[in-house]
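Chain IDs A, B, C, D and E follow the sequence of writing; residue 1 opens each chain.
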Amino acid sequence: MSTGFVFALAGAVLFSLGVAGVVLIGHLLRRILAFNLMGSGAFLVLVGLAQRQDVADPVPQAMVLTGIVVAVAATALALALVRKLHALTGQLGLPGDVDE
Amino acid sequence: MSMSEPLFDPLAWLILLPLAWATLAFVLGPGRGAWPAIAGLATQCWLALDLAQKVGAGGTAAHVVGGWGAPLGIDLAVDGLSAAMLLLTQAVALPLAIYARSYFKPGDPAGTWFWPLTGFLIAGLNALFVSADLFNLYVTLELVGLAAVGLVAAGGGAQQVAAALRYLFATLVGSGAYLLGVALIYGAYGTVSIATLLPLVTDDAPRLAWIAGGLMVAGLMLKTALFPFHFWLPPAHGGAPAPVSALLSALVVKASFYLILRLWLGPLQAVLPAFAWLMALLGAAAIFWGSWQAIRAVKLKRLIAYSTVAQLGYLFLIFPLLAAPGAIHAGVMQVFAHGLAKAGMFAAAGVLIKATGQDTVAGLAGAVERLPVTMFAFGLAGMTLMGLPPSSGFLAKWQIIEAALAQGHWIIAAVVLAGGLLAAVYVLRVLRQAFLMAPASATLAPVPRTLEWSAFALAAASVLLGLRGVELMQLPGAVT
Amino acid sequence: MTSHELLPLAVLASSLLPGLIIFALPEAWIGVRTFLNLFAAIAKLGLVALLLAGVAAGEEYGVRYAVLPGLELALKADALGMLFITLSAILWLFTTLYAIGYLEGAPHRSRFFGFFSLCVTATMGIAMAANLFTFFIFYELLTLSTFPLVVHRGTDKAMKGGTIYLAYTLIGGTALLAGIVWLHHLLGHTEFAHAGIAAALGPEYAGQLKIIFLLLIAGVGVKAAIVPLHGWLPQAMVAPAPVSALLHAVAVVKAGAFGIVRIVYEVYGVEFAQSLDLLYPLAIFAAVTILWGSFRALFQDDLKKRLAYSTVSQVSYIVLGVALFGPIGTIGGLVHLVHQGIMKITLFFCAGNFAETLGIHKVSEMDGAGRRMPLTTLAFSIGALGMMGAPLTAGAVSKAWLMDGATAARMDWAIWVLWTSSLLNAAYFLPILWRAWLRPVPAAWPEEHIARRGWRETALLLLLPPLFTAAATLTAGMLADSEATPLAWARLIAEREYIGQGRP
Amino acid sequence: MKRRVLVAFVLTLALAFVFLLAGAMLDLGPTTIDLRAPVAAHLAQSGVTHPVTAVLLNYRGYDTLLEIAVLLVALLALLAVVGDAPVPPSRAAHPVLQTLARLATPLMIVVAVYLLWAGAFRPGGAFQAGAVLAAAAVLLHLVGLQPGWSRPRLGLRIGLAAGFVLFLAVATGLLTQGSLLQYPPAAAGVLILLIESGLTVSLALILASLFLFLSREEGA
Amino acid sequence: MTLAFDLLLALSLLWTAWRTLATPRLDRALVLFIVFGLLMSLAWARLAAPDIGLAEAAIGAGLTGALLLDAYGVLRRRVRP
């Protein structure tokens, strides 16, 4: 089994773990962590699967670079929202479904 | 000067222009940038119209970014479907920009960064509609998603921030799933170019391609707020400032729908149609559930937001019908009908909320008397949502029903007809309240005329399109 | 664009454009609004006269416009349509005059007259629709533009009536739409043609065509107030009197009845409909409606409600006429379309006058009204006698033709239905007349708004329209056999329909 | 109880998905298309010798252009959320730490410049360089030498947008060559270096802003 | 040998990720997350992607970590002033 494959598989697990985390965890900071894990999982699959013969492929690598920057941008925004929410309500979780 | 010169390629400028005015608005500073935006959008309208005419007449438009060509580089391509989406985007955004200029008073914290965010949002949408590269599409999805979240959250209170967070997580998980799908596609085929993938993904595609298709569509369904993934939409669209709600409901959710359709008709056509009835089932559920919630809603904008949930359902009814040509036409017509009408309706709701000072259906008594133009706009938009003639919503329904009958799927026709009646119930709830005599104590704040008339223009356009659909219907004929 | 294309459009535009302008007029511009209203009504009458002359001379007017590829908005002015158009145009003028008087000083007149003009436009569109698709568009437009008029007063009661009205008509519209799309799917078009178009489908489609017929008739039957789809009509009587008069007595219910005529004759073709066994059930529904409407009218103390149930009953005379397979019944039905309109509008005008002048809303308050308002009561009496089918009135003419039609069609029970209905008509109208003419004047009227000035028992604009229409009721009855009457025109239509002088 | 069922359900679903995905991945044969060859083949005309930079700034430069827009959008959204707020006086760290930070800053700038320059032919480039610069700013903030920011003034706004504007201008200017970002091979190296320099500055500012605008005590 | 290292690295990645989400203490979760970022850098190095490794270390672990820790600090101070 190649290095690429190992990390692609790890990425698949990470992704699932991350999605499960975002779905299940109410604490918003941890949700952000889970989202980051999910993203890392997708990146690992992207590069790992493309490099399953262990030959470096610059195209997915460049894509992942792009993706990492997007992820940090999203994380910063999410943190800003969480901090604002906390400042306004003192809560670190989203209120139950606001369906009327 | 000939339009075919590369320097004047409308396709490129539809992306460059909004990026430029968005950046300019940012540099100009908080609350500034309305006029560059309006000028830019007016030009974009013209460009989109030019492009649509060209494509409608049978031409195609493409732009090979960097000159490399797929699969090494990124290609942009415009067919009838993209041209229609581009046209709708510019046509809805321009009146909304005029509306927003009057809506946000100087110093309104919700309007501080409205113009640059909107510019990037529009740029992202335009880039999404023309992109022919799955990874590039991911970047545009993120651009659109983050800009939309920023617009929802801007200057808001706790509820709005909570809604924005919910929306942010939904959109991030959605694009995450999409990205994993792209990763799998790249792993399986070594390319993310739609044109290159087209001949490669065949009926005997590896299992991975199916999983990829499922992931991408699931992610996009989440972003489109298709039932049961709609949970984030009502608070976000219902809580945002009116111009933002309008942009989001009219355009942003359509972008991910467009992408599903694009994948369905293009690179994943061998894979996705297996899910057709699932989509239709969820679409039908969305129609009933969204309408039911709209009927029960206490707040006006919440009602309109749930109506979006319902109206998006119609778009998914076309998937089992895509084998025959009429369905795409119906889909495009419904996208236009709902886009124009919902933008008009949210804009009208913004006027009503500004005037009455409250966001409730109950507070509307006397609105017909005091704000006739706005209520007329609301009524016209409602007509389109109900699918009553001669509105574009009617033509959309007609086409869906006819396509359904042509393929013997009576049940879809029945769902469409029932959905129209449910829409009538929630639209009339509002109109009925507005026709009541105002309580003597009620006072209405004065509202700028621009707000009323831009709402009216959008709503009227949604009706008038119903009288002149021939040109628009040339576009879906040119889907490649 | 030739004049043959322009004229139908001009007929539409003559009420549409003034309507749109009126919407925008400030409330206080009474003079401009009144001028526009009257100018539009008179202009339309002129245009209709031109059109009528042309159609009588055998000219063909029409215009088509593609909304979607393969889906056309099409107008044509044919003999059948002209019957309805002429009726509406004339009555529109009277009602406009009446409404100007009726709403004097009331709020929101710009909105009222705006929607009023839209309603008339929609009615004209229904009359001139050349295919079911176009018919449907104007049909729904009529629904939408009447709603604001029904709820015009903005009271809870008005809202309730308006909501019920919309619930019925929108559900009916949905059924109609389902039928139309289905038919369009089968045929590829829905053009009206003299011998019908449905027969072009093979016998294997008979089952589907029956269901479509049911959907279509249910759809238009709501507006025609066929039992059991009539529940909205009495509720919609909360509207101001001119609305009840023109719209609910004439435009809306006639749009439904007219739709039935079009569907039976020009979509299915009367022979084909008969061969599918569709006409007999329709006749039974019409008969039940005639009797049930009259029966319910007996028990209404509210004057407008009594008139409303009377409308339910009378409109189905038209349907019955259509369902009586044969030219004589058809003529009876068609002529009743006009005659009932003239008579019923007279009654509603008068009811409005009683309410506006003396505050009389109920039959039990009518005592002595004839002494205080002799002219109005006279007009009312003529209308009521017409409804009963008394000699010399227009009602007698239609009833005679309908009965002859029933005889010719060997449907003797229909004659009994008509006789019974006449008796019931007498039973609910005569007590009103008796109270008005013969009972003593009460000490005080419920609410006297308008004082008597000389012979003018009420405002002039309220008084003249019912007198005109009452006179028309008599004229149409007495001169029925001369050249330029509704009857003559109905015979022309029946001739064309039965001889099948279709378009090339 | 209900919650446990939900957790178990979601985790089971996730696990099932992992197995499904892993199985499908293991089934995979070689791809029909291999982009490594064209990446290498056109490297000479790309203006750089490091393949990842070639993809990032040339072959798929358009992605990068939009990505900078995403960063700007995130910053804008963040600004829209936090609004204007007064900045509390920063707490000074221990003087030794401050001195260390003062010493580290020039070093980090040197590293950043190296990374930027190296990007053309080996790992490195604008992103890494910008990130290092931003890290320097964050470090200075953490030791109390760089206060948080309250609002983006004109100068800062220009700095934040400059890299993107430069990129956008080059992309637009190259329309004359036939399409967006179509570098003439001879000028590609210079143009890419120009873009990367602009991006380094702006990326550093944006990334630092993400931190410095957030890092204030709101409303406490 | 390299496979063993890869597997070990992958497993520690997964374990760190799991602990990040499952550990009851938030501060520990944040530290674990930064460790996760560093392990990711290593993984990228193993995947012959030093560019991503650098970026991950600087942005993924560094900047994101700093953002998270800063947020954590503020939130904690607010709860217990």
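The rule is simple: a contact is a pair of C-beta atoms (placed from the backbone, for glycine too) under 8 Å apart; a residue touches a chain by one contact, two chains touch by 3 or more.
Only a predicted model underlies this, so the values are computations on that prediction, with no experimental measurement involved.
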Determine the set of chains touching chain B that also touch chain D.
A
Treat touching chains as neighbours and tell me the shortest step distance from chain A to chain C.
2
What's the chain with its C-alpha centre farthest out from chain C?
E
More Cb-Cb contact pairs, comparing D-E against A-B, go to A-B
What is the identifier of the chain with the smallest separation between its Cα mean and the overall Cα mean?
B
Using Cα averages as centroids, what's the distance between chain C and chain D in whole Å?
72
Between chain A and chain D, what is the separation of their C-alpha centroids in Å?
16
Counting only Cα atoms for the centres, state how far chain B is from chain E in Å.
37
Centre-to-centre distance between chain E and chain A (centres being mean Cα positions), rounded to whole Å
12
What are the residues of chain C that contact at least two other chains?
none
Going by residue number, chain A touches two or more other chains at 8-9, 13, 17-19, 43, 49, 52, 59, 61-63, 65-66, 69-70, 72-74, 76-77, 79, 81-84, 87-88
Multi-partner residues of chain D (each touching 2 or more other chains)
21, 25, 28, 35, 39, 52, 59-60, 63, 67, 70, 73-74, 77-78, 81, 127, 207, 210-211, 214, 220
Pull out all the chain pairs that touch, please.
A-B, A-D, A-E, B-C, B-D, D-E
Touching chain B in the complex: which residues of chain A?
8, 15, 18-19, 22, 28, 31, 35, 38-39, 41-43, 45-46, 49-50, 52, 59-60, 63, 66-67, 70, 73-74, 77-78, 81-82, 84-85, 88-89, 94-95, 97-100
Residues of chain A that touch chain D when the two form their complex:
5, 8-9, 12-13, 16-17, 19-20, 23-24, 49, 52-53, 55, 57-59, 61-63, 65-66, 69-70, 72-74, 76-77, 79-81, 83-84, 87-88
Mind listing the chain B positions that touch chain C in their complex?
329, 368-369, 372, 376, 383, 386, 388-390, 394-395, 397-399, 401-402, 405-406, 413, 417, 420-421, 424, 428, 431-432, 435-437, 466-470, 473
Footprint of chain A on chain D - complex, ascending:
6-7, 10-11, 13-15, 17-18, 21-22, 25, 28, 30, 35-36, 39, 51-52, 54-56, 59-60, 63-64, 67, 70-71, 73-75, 77-78, 81-82, 127, 207, 210-211, 213-214, 218-220
Where on chain D is chain B touching in the complex?
20-21, 23-25, 27-29, 31-35, 38-39, 42, 58-63, 66-67, 69-70, 72-74, 76-81, 83, 151, 154, 157-158, 160-161, 164-165, 168, 171-172, 175-183
